[in-house]
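Look at the two complexes coming up: chain A is in both, with chain B in one and chain C in the other.
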Partner chain A sequence: MTSSSPRPHVRISKAANRYLVFDIDDVMYLRRNHNICSVFVGTMPQAPQQSAFMGLPIELMAEEAQVLVEKNVAFVVDDSNYHPARIAAAGPQDKQYIDAIKTVTGDAQRSMRESTEARKAMFAYKGASKKKEKKNKKAPDTQSSEDVTVASSADAEAAATSLFDTTPEPAAATTKNSPVTREAPEAWLATLTTSGALLTPSPGQEEPIASVDVPASYPLYAHLQDKGYFMMPGLRFGCDYNVYPGDPLRFHSHFQATGFEWNEDINLLDLVTGGRLGTNVKKSFLIGGRVESEERQKDEAETALDVRAFSIEWAAM
Partner chain B sequence: MAYDDEDSTAAPPAAIARDDPSKVENEDVEDAEADEAISDFRKFASSLPGGGSGGGGAALNKKAAPHVSGKTVRRGEKDFESHGTRLQENTLEVSRTAMHDVLSYTRMRTPDNYMTGWYFPGHWAQEPREDEKPEELWRRDRVVALEAEKGQMTKSMGRVLRGAPKNVPGWDKAWLLPEEALYLVERGDLLLRWPRGSIEGIFPPPVEVDGLKREVARGEDGDYELGLPLSLQAAYSLFIGNEGDRGKITLEKFQVYSQLRRAGYLVSRASPLLDPPPPSDTQTLWQRLFSLISSPKSDTPKFHPAMGPLVRPGLYRSYESVYHQLSLIPRHKPTPRPNTPAPEGPFTVAYHVFKSRPGFTKTNLPLPDFRIAVVNARTTDVPDLAEMEALLGSTPWDPPNARSGAGGPGIGHMYQRLKHGWRNVIVAVNDNGMVSYLEFMESAFGEERLFERFDAKPKPGGKKFSGRNQKGGRGGGRGGRGGRR
Partner chain C sequence: MAHPDYLTDLASTVYENLESQHDWTLLESHIHKQSSSLVENNKTWLPRPLITGLPPRRLYLHPDDQVELVKTHATYTVDETPEIEWVVPMHLNEKFTLKQLAEVFDSLELPEPLAEGRCKRLLMAIVHDDSTVVYYFVHDGIVKPRQN
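So, the complex of A and B:
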C-alpha cells in the first residue's frame, strides 16, 4: 500500500526469539497501513495497577514480523546483542540521545511551570476576590443565611484545591530562584520509550539483521493478512489466529483460524471441537493451508500464496 | 447487535480470582474485556489527568492520577463489520488518535520521587550458587543496584545481600532481579542507568571520603556523564533473554510476573529453599512395622482365585469386606514424600505468588498462596504424566483438610476435597503476551471411600433424608453432574 513511501523502515527488535516494536509512530503506522495491531504487552505508566489497558511495546507474532519483512517495510534486529553493545560503545550518538532526553524533560518542565504559574495567578485572583467578598459581607451586620453558606462552600472549595494540589511543589521552588539557576537543581529525569539516536550504527557498520522463525501455519496467516484481515493470537479461542474484519478497536472477530498442511490428516474431533466452540462464540471456525501440488512446485513465484481456506459451521447434534 | 457474549468462554483465571475481592468486583468487566485485548482508549484517555496526552504538565504528576477502575474504562460498542460509512470511520479514527495520545506518554519524574538503579550485570556473577541462603536468594541474577529505596514497591522487591563482605562496593544497596527492574522501569518508578565507569565510581567504598569521587566524575553534563539513562527499549534488550540465561528473564515469565503484580499480588521467584520441609515421619519403628503387616488387609486382598467369583461366597454382614474383595486395580495414593525426579524444562515452578497482606516483608516470606509455572503456548506441548508428576512432586504436601480450606472430613466435603487435591500448582500459558491460567492438582479418588458410608447404621429421626437434602442443596457445585454439558 504505502510501502513505496519514503517512510523509514519499522525497526523490530528481536529479544530471545520474541519480536517487539517500541515506537508509537511505528505501531500506529502498522495499524493504519498494514492491518497489524498485535498485542500491547507493557504496563501503562499512567495507570500501572490494571491490565485492561496495556501499553508499549507491542509483541508481534513471528508471522507478523515475517510478513513485514517480506513486504519490505520493516527489518528485524537482534537487540539482545546489538543493543547492549551499542550502549557500551560510547560515541557521538550519546550526545544526541542525551539531548533528546533533555528536550523532553525541558519541555515538560516548562509546560509544568507555565501551568503552575497560571494556576497561581488564578488562585491569587480568586483569593483576592474572595477577600473582597468577605469584606463586603462583613460590613453589613445583617447577613442572610444564604450568603453564609455560599461563603463557606467557597472556602471549602479553596481548601480542597490546595489540599490536593501537590503538583507545584518542585516547580514552585524553582520559580523563586533567579532564572539562571532555575533548571539546574531540579532537572527532571526521563526514561524514553525508544533508544532513538543511540541505536544509529557507527559509520561503516550496519545493524545486524536477524532472521525470523515462522510456525507451520504461516501460509494461512500470510494469506489472510494479504486479504486485509487483522489477526490476533488465538489463545482465547483455542486456535492459531483470531481473525478480525477490521481494526479490533471497532470490530468483533469473525473467524478462529487454524493452519494445516495440505496433506495433513485432520482429526474429525478437532473439527467438531473448533466448529462447536466457534458457533458458541458467534464465529466461524476456519481452516486453511498452502496447496501442495505439482504446479506449485513448477511455478513457485507466481503461486507463492496459493492458500485455500474453508470455514466450518457446527450445525447440530 | 449484541455480540458481547462471544467471549463468554474466556473465563478469568479462576484459581487466581477466587479469593481476591478486588478481582471479583471487576470480574464482569474483565469478562467483557477478555476477548478484545484492545479496548476503548477514548474513555481511558478521558479518565486520565490532563486528557492523557503525553508530555503535558498535569499528566506527569503521578500523585494526581486517580485510580482508574475497571468500570470507568468499560469498552464501547463494537460493530460486526465495516459498512463504509463516514461515522464508522470517524469513530475508529477518534479511537486510534486517543490510543496514540495515551501511548505517546514519556515516563518522567523529578529526581525526588524517581528511583535510580545502576546496571551491573557482572557484579555477583562469580558468587557460588551452592551456599545460597534463603535471605539472599538468586544473588547471581541480581543485576541492578538501587541508589536508594523509595516508595511502596521496594517493600516487596530487591534484596540487600547481607552476606556480602563490607568492602565489596554496593554491599549495602538493594539489588533487583531483572524482572523486578524491568517492571519498575515500565511503571515509571525506576530510572535505569548504564554506568560509564566502574562500580567503585558509583558506590564509593566506605574507606574513601564519600562524595569526593562523584564530584570529580561530574562534568558539564552533570549526572549524564556518570552513566547513561536507558530507555524502555534498552531495558527490554538487557533483561529479556532465554531460559537459563544468568541475569535475564524470559519474556513469557516477565509478562506473567508483571500481570500478577498489576493485579495486586506479590510475587517472588521460586526456590526449593523457600518450601517447607516435607512433614517429618512421626511414625515410630513399631508403628511402621505394624502398618507393614496390617496394610495388605485393609487394602487390596492378596489372593484372588484364577477362576470363580470375585467375591467369595459366604455370609457378609458389612459392605466393607465385599468392596475390599472387589478392588482389583491399585489406586493412586498421595504420599508426603514422593519419589519423583526434580522437574525439568518449562514445567517447573517459576514464581511463588502471595495475596497482598499487611505485614508482608520480603526478607521473611510466608508460605505462598499459589505456585506458578510458566510455559510458552507455541513451543510447549501438553505435559506428559512424568512431567506433571515431577512438577506436582516439587510442590509441598498440602492435603485437603479444614486447615487448607478444603472443608472438614465427612461426605459433605467430598467434592471440596477432590477439587482441592493433595498438591496443587498453576500453569500459566502464554501465547504472545496473552496469558491463560490453568490449575493442576493431585487428586486421589481412592481416598474417598464411599462404601464406608453404606455400613453406617441408619439413625432414627430421618437423618438419612437430611443427608440427602444436603446433597441436593449443594446442587450448584461441581458434582458428578458437571460432565453433561
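So, the complex of A and C:
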C-alpha cells in the first residue's frame, strides 16, 4: 500500500469492537482534514469522578473507521491480539522503553524519599521547639500532668498556625543532624503515561489488521462524509447520525439522518415522527441509501458512492 | 399499468382536503406523465397518482432565499407569491421504499427548470383512517432546513 499523504497513517485500535484513537495529533488531524471529530470516551486524569467532560481516546463509529481505511489515511489494528503478542515479543530493541521505565521509577522513588525525609525533619524540629517552649513557660518543679496536656494542646494550635510560616530552611538544616533510619528500598512499579514505544511493531512482527463491521447505513454516512459534513451519533435525535454542516463546536446540526436500503420497507409513521421531531428542533429529517439497479450489480466497485438522499420537513399545513 | 382503486380513492380524498380545508386552487389530478399525455394511445402511467395545485400562501421558502429577502426587507411579499406544489397522496398504513420515492421524483416533470443548486420537492400527503391528512415536504436531495 502506498500512501498519498506524507503523513503516517492514523492508527485505529480495535478493542472489543470499538475503534479507538489514542494519539492527540491524529485526533486533531482527523478533525481538521477529514471532518471527523467523534466522541471522547476517556476519563480525564484531573477529574476522574465526572463523565461530562471526557478525554482521550476518541471512539470512532465503525463507519468513520471504514471511511478512513477506504481513504487510505488510517489502518485498524486488532489490539486485543496485538498487545499481548507485542509484549511477549519484547526484546533488546525495547531498551529505550525499559530505560524510560527505570528512569521514571527511579525519579519517583527519589522524590518520595526526599519528601518523607522532609516530613520527618519537620516533626523533629517541631518536637524540639515544643519542648523548649514548655521549659520556658513552666517552672521545672510544677510539672503536673494536667498542665502538660493543656499546654500541649495550646502548642498544637500554635504549631498549626505556624505550619505555613515556617520556612523550609531550618527543616533542611536539622535533616543533616537527625539520624535517618531507612528501610531497604522496595522495587517500585511504574506505569508510563504512554506506551507509545510499544506501539511500533518489533522487527518481523506484523500488526494484525482488523476488519471493520459497518452497519447497513454506511453508504449514507460515506455520502455525507464525502460532502464534508460532520457526523455525530444520532441517538439524541432518534436517528443514525446527527449531521453538522461544519465543526459541531461552531454549528448546529442541520439534519437527523437515517440510512435505509434501497428496497427496504419504510413505515410512513417513522417518516412522520422523524419529520415532526426534526421540525421541532429546527432540523430536516434525512433518509437515504445506496441506489441499487440492474446496472449497479455489474460494476459495483466503480460507483460505490451512488447514494440518493431525501430531506423531509413538516409543511406546516 | 393502471393504478389500483385504493390509490385513486386516496388521491380524491387528498384532492378534496386540499380544496375544501386548505383553499387550494388550480387543482389537477395526474395519472399519466405529462409529456406522454399529449399522444392519446402512448400514455405512460405515473408510479402513483399525483396532484398539483396552488396554495393560497407560499408554502415553502428556501433558506437561502429567505436570507436574501431579509436583506432587502421584502419578506412580506413572499406570502403573496404562492408556487404550484406537487402532492403525492399516501396512506399511513402503506410502506414505501427509497426506490419508490426516487421513481416518483423521476416521474415529476416540472414546467420550468429549477434554479441553480435547487432540488425538486414534493408535498407528501399522509392520510389516516379518521381522514386526518398531514403534509410533509420531501426534497430530492440534501436540502438544509428552513429557518423558523
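Descriptive notes on the structure:
As a working rule, the second predicted complex is superposed on the first by the 208 of 317 C-alpha atoms of A that agree within 3 Å, B and C clash if a C-alpha of one lies under 4 Å from a C-alpha of the other, contacts with A are read in each partner's own complex, and residues count from 1 in each chain.
Note that contacts are C-beta pairs under 8 Å (C-beta built on N, C-alpha and C of every residue); 3 or more make two chains touch, one makes a residue touch a chain.
These numbers come from a predicted model, not from an experiment.
By the document's definition of touching, of the two partners only chain C reaches A:Trp314; chain B does not. Touch counts on chain A: comparing chain C and chain B, the chain ahead is B. Within the superposed three-chain model, A:Trp262 lies in touch with chain C and out of touch with chain B [touch as defined at top].
In the superposed model, A:Glu114 lies in contact with chain B only, and not with chain C. When both complexes are overlaid on chain A, the residue A:Lys283 reaches chain B and chain C alike. Once chain A of one complex is fitted onto chain A of the other, the partner contacts of A:Val214 are absent, as it touches neither chain B nor chain C. Once the two complexes are laid over each other on the shared chain, residue contacts for A:Pro245 go to chain B and to chain C alike. The intersection of chain A residues touching chain B with those touching chain C, taken from the two complexes, comprises 245, 254, 282-283.
Looking at the complex, you find that chain B touches chain A at residues 3, 5-10, 29-30, 33-41, 44, 48, 52, 55-61, 63-65, 67-70, 73, 78-82, 88, 91-92, 95-96, 99-100, 102-112, 114, 116, 183, 185-188, 190-192, 194, 196, 221-224, 228-238, 240-242, 245, 248, 250-251, 255, 258-259, 262-264, 377-378, 429, 431-436.
Those residues of chain A that touch chain B in the shared complex are 13, 15-18, 20, 22, 24, 27-28, 31-32, 37-57, 59, 61, 79-80, 82-84, 87-88, 90, 94, 97-98, 101, 104-105, 107-108, 111-116, 164, 166-167, 170, 186-196, 198, 215, 232-237, 242, 245-254, 277, 280-283. Residue ranges on chain C touching chain A, taken from their complex, read 22, 55, 59-60, 90-99, 101-102, 123-124, 126, 134-148.
Here chain A touches chain C in the complex through residues 224, 227, 245, 254-255, 260-269, 271-272, 275, 278-279, 282-284, 286-289, 291-292, 308-317, going by the rule given at the top.
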